[in-house]
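Look for chain A in each of the two complexes below; its partner is chain B in the first and chain C in the second.
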Partner chain A sequence: MRILNIFKRVPDTYAEIKLSKDNSDIDKENLNYVIDPYGEYAMETSLRIKDKDSSIELVVLTIGPENSTELLRNALALGFDISYLIKYENYEKLSPLALSKIYIKFIEKYGPFDIIFLPKVDIDTNFHSICGYLAGYLNINFITSITTAEIVDNHAIVERETSMGKEKLKIKTPCILSHDKAPYEIRLASLKGIMLSKKKPINIIELSELEIKIEEHIIRNTLRLPPQRKGVKFLNNADELIKVLKEEIKIL
Partner chain B sequence: MLKYEDFFLLDEKLSSEYKVLRESVRKFVDNEVIPIISEYWENGKFPRRLISKIAELGLVGSYMPVEYGGGGFDKLAYGIITRELERGDSGIRSFVSVQTSLVMYPILTFGSENQRKKYLPKLASCEVIGCFGLTEPDAGSDPSSMKTRAYRKGNKWILRGTKMWITNANISDIAIIWAKDDDNIIRGFIVERDMGYKTKEMKGKISLRASDTGEVILDDVEVPEENRLPFAEGLKAPLMCLNQARFGIAWGAVGIAQFCLETALKYSKERIMFSNPIASYQLTQQKLADILTYTQNANLIAYRIAELEKEGKLSHYHISYAKRYNVRAAKVVSEMARSILGANGIMLDYHIMRHMTNLEAVETYEGTYEIHTLILGEFLTGMESFRK
Partner chain C sequence: MKALVYLEAENSIKEASLSAIEFSKNFCKEIYGFIVNSESGNKFVQKLYVLEVDRFIPKIIAKEIQKVIESEKIEYVFFGSTSSAIEVLSYLAGITNAIFFEDVEGYENGYFIKSIYSNKIIGSFKISYDGIKIIGIKPKSYNLAKPMYNSEIIKIKLENIKDDIELIEVKAKETKEIDVTEADIVVSGGRGLGSAENYHSLLKELIKVLNEKTGLKVALGASQAVVDAGWIDHSHQVGQTGKTVSPLLYFAIGISGAIQHLAGMRTSKYIIAINKDSEAPIFKVADYGIVADINIFLPELIEKIKSY
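So, the complex of A and B:
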């Protein structure tokens, strides 16, 4: 069995975001990039599946500039077996459709995979359609926003949370699963894992190798930071509140 | 753009394995050490619950060979581990320093093959916790004046004496004990708890409160000859161990300085006084500039000693220089950061003053600031001034 995890390289979610001088993009120079948090949970789920059956091969893929290999090194240190980087500097300008086309070419060339894990949403662009695109192109089943997954006889048993409660679903492999926050902690790379990762390959793929032409669809004209919050005003009683709502905010 | 955290672009020198290691240890410290450490520190307890995770991450025995359960890494990895751990607390770093450099290292370096096989894997996995007994109530900076004796009795040794200020003493399963034999030669022994050594917790510390410190009492403890470290002879052996640990302390101090720098800078930008952030005032900026300088100087020294070690050019003078300067730098930094945080600076919640008081012990153990000063004095002048 082979499992593919695709994660997105995104700015550190704790980073303080600043805009570039012409406001056309965020200022990337000082940003630390990390594995997207949902992709991280998906990786943990794959590692848990492998904990139970070490014969499973775990493959990890991302797209980005050459230094994305540092993130792949982390995945290998955690226990992934093979890693691939599709080298593409301006990957943040690719639409979900363009990204999906690239991933499909990759899967056709390096697959097949029994399960493909994706983050439920790319937290940088807030797109979440890749899961559906891939399933459509590859003509296989998919479930979005799962929280856990286990493998039982060519099926994945997954859990997901809905407004009506938790549901448990069974899906035949091959399948695509997009991952939500998991109920468990994400493991950290151990020294032993880091040592083992030195022997595992990080394969860098040029886009030309995938024989695909891609347009950068996303053009960002202007970005704005959210307005700064104004100070808090303390009111002493309900009368004052009514007065403020009537006279200052004018909603009464 | 230049980042204050990596002012001299040392990250460029790190390969991805070391970056993964740094991130991993940093996350462990952020998620599991910092949230709980103040309470343990306040209660004067070592957080034993962290041991299993420390072992799981392979943070003990990082530079020991893989065949003995070690990490198979070099001293740079050990430096990064100690730096990130001490960012959390000196007590946690001390635990790893002692287990790695003062217990595993002497067994690896001065032990027999049987001893290595028997003890090292279990020490690496922390199934067995060790301590290092050199210092005594009346023998600190001058360990050669130790009173602990090892009397030969057939195929056994009888150990008699008291060791003091011993990190990990009370939680230890084995103790590396240094004692003088009948010919006044210092010998090392691996003494197991079952052989009969007693320990007593040292209470009332106002420094390193989250570290286990105790006395080790050897009241005619019988140790078989097979537990003597066969290749340790004379004071040089324990001093070699201390040099390993001092390397980690020099790195660890950088972790504290980095933590203080981050905390003081963030605080000063957010703290409004006289209608402006205190970061905008010249008095604060002078402190911040000093903090940056001390921190980066210490970090450069730490990297350089790791490089020299790799090239086989590291002398004990470098280690004395690094331990002496870096710990003093961290102390100065923590004091200045404390003052930037004003009254909040004295609160456990902000961690600065815990670091500040820890550093009093760190500056004293493993060669006091003064002893390292004299080592450098001897290097410069060729004249020893330790004793009259």
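So, the complex of A and C:
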């Protein structure tokens, strides 16, 4: 069995994001990039699956500039077996359609995979559609926003939260799953894992090798910061707050 | 040009769907609806397709929408950006080779406005694509459509649906809760509430009186710290790895205001923060602040609103 985890290289969630001088992009100077949090939860789920069956091969993929290999090295140290980087500097400006097509080419060339995990949302671009898109295009079963997954025979048993409550579902592999926050903590790489990772491969793929033409159907124009908030007015007691609810917010 | 709006209903049509209808009027004159297992919405569109199914399977629903798109020669599909709609329509994008663009907040001079980088940045985007465009409107960011038709209803019935996905178990919520993304007022609590008991008793009491006195939809929110502590389940979490909300009024009670929490609530119309630490970062985004001990202040506030 082979599992593919696709994560996104994103600015650290603790970072304040600023704009470049001409407002055409974010200011990337001194910005620390990390594995996206949902991708990280998905990786933990894959590692838990492998904890129970070490014969499973874990493959990890991301797209980004050359130095994204640091993040892949970290994935290998955690226990992933093989890693791939699709080298593309301008990846944050790709439309979901273009990004999906790149992933599809990769899957066709380097697959098959029994399970493909994706983040429930790419937190940089705010795309939620890649999972459904891949499933539709490849005609594979899919479930979005799962919180846990286990393998039983050739099925995955997954849980997720919906507006109705908690669901437990059984899905036949091959399948594509997008991952929400998991109810467990993410492991750290062990010293042994870090040593072992040095021998594991990081394969760099040029976009040209995937024989894909990037067409931009969604063109990102200028960026701006959200409107500044007005600033806080401190109130002294409950009576003053009630006055605000009545006279300013007008809900009482 | 014709638009198809994917509608969702719970008892009545969702507000997010009404915003999507209103938004679609920027692009198309003829606006049709598609809805599953409900007839709500026929007053808002010129023609309503109703799919009746005994199981809600995103793949199957997407394929039925595809048929309508083909027979009606639809170019734009609009929807309210909810996770259930995204699941169906992202699959539709895959089978129809469509552009998919969700969480749109506005349309200015030919540009779509959408927040990126966890709501830290607002982007403007131009879409130029000959194929189908599937566009989602972020809940609470656009005006609601008004009823103006009494439309023809076209029913499609599917029976004995088979699927490779089996529902093994559902743990339904005990009481029907208002989702934080749909509420007018969100009352969120953090670690400062001290204990799960305090969190539930104080906040639910405040929610109850606010609902009674204002008639508005009031929901319970949480910081990640209290979700991780097991006080409440993750569906209530607001922030980076929780939900993004922009209600009329957001209460941050005993929440420090970590950047990942702000990512999910900074677009609220009004923010009221209650915290004993006057230096807490939450006060940087709040409109009104009360520096006080929750255990003393909240019971007093609840009593005062009650007797208001």
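Definition applied: the second predicted complex is superposed on the first by the 230 of 252 C-alpha atoms of A that agree within 3 Å, B and C clash if a C-alpha of one lies under 4 Å from a C-alpha of the other, contacts with A are read in each partner's own complex, and residues count from 1 in each chain.
Following the convention adopted for this analysis, contacts are C-beta pairs under 8 Å (C-beta built on N, C-alpha and C of every residue); 3 or more make two chains touch, one makes a residue touch a chain.
Everything quoted here is computed from the prediction, not taken from an experiment.
Participant: Label the relationship between chain B and chain C on chain A in the superposed model as either fit or clash.
Facilitator: Chain B/chain C on chain A - fit side by side.
Participant: In the superposed arrangement, which partner chain does A:Asn203 touch: chain B (first), chain C (second), both, or neither?
Facilitator: neither
Participant: Return first, second, both or neither, reflecting whether A:Asn30 touches chain B, chain C, both chains, or no partner chain.
Facilitator: After superposing on A, A:Asn30 lies in contact with chain B but is clear of chain C.
Participant: Examine A:Ala189 and indicate which partner it touches, taking first as chain B and second as chain C; both and neither are also allowed.
Facilitator: The answer is first: A:Ala189 touches chain B but not chain C.
Participant: Does chain A have more residues touched by chain B or by chain C?
Facilitator: C
Participant: May I ask for the angle at the C-alpha centre of chain A between those of chain B and chain C, rounded to a multiple of 10 degrees?
Facilitator: 120
Participant: If we overlay the two complexes on their shared chain A, which of chain B and chain C does A:Glu70 touch? Say first, second, both or neither.
Facilitator: first
Participant: So in the superposed three-chain picture, is A:Ser145 touching just chain B, just chain C, both, or none of them (first/second/both/neither)?
Facilitator: It touches chain C, and chain B stays clear.
Participant: Please work out whether A:Leu134 is in contact with chain B alone, chain C alone, both, or neither, and reply first, second, both or neither.
Facilitator: A:Leu134 sits against chain C, while chain B stays out of touch.
Participant: Give, as a whole number of angstrom, the minimum Cα separation of chain B and chain C in the superposed three-chain arrangement.
Facilitator: So the smallest C-alpha to C-alpha spacing between these two chains is 9 Å.
Participant: Inside the complex, what are the residues of chain B that reach chain A?
Facilitator: These residues of chain B touch chain A: 1, 3, 16-17, 19-21, 23-24, 27-28, 56-59, 62, 66, 71-73, 77, 81.
Participant: Could you please specify the touching residues of chain A with respect to chain B in the complex?
Facilitator: 29-30, 69-70, 73-74, 77, 188-195, 197-198
Participant: Considering the complex alone, what residue numbers of chain A touch chain C?
Facilitator: For this pair, the touching residues of chain A are 11, 13-17, 19, 26, 37-38, 95-97, 100, 123-138, 141-145, 147, 157, 161-172, 180-181, 183, 217-226, 229-230, 232-236, 238-239, 241-242, 244-245, 248-249, 251-252.
Participant: Which residues of chain C touch chain A in their complex?
Facilitator: 10, 58-59, 62, 83-84, 86-103, 111, 114-129, 164-173, 179, 185, 210, 213-214, 216, 233-235, 237, 240-242, 248-249, 259-260, 263, 266-267, 270-273, 278, 283-291, 297, 300-301, 304-305, 308
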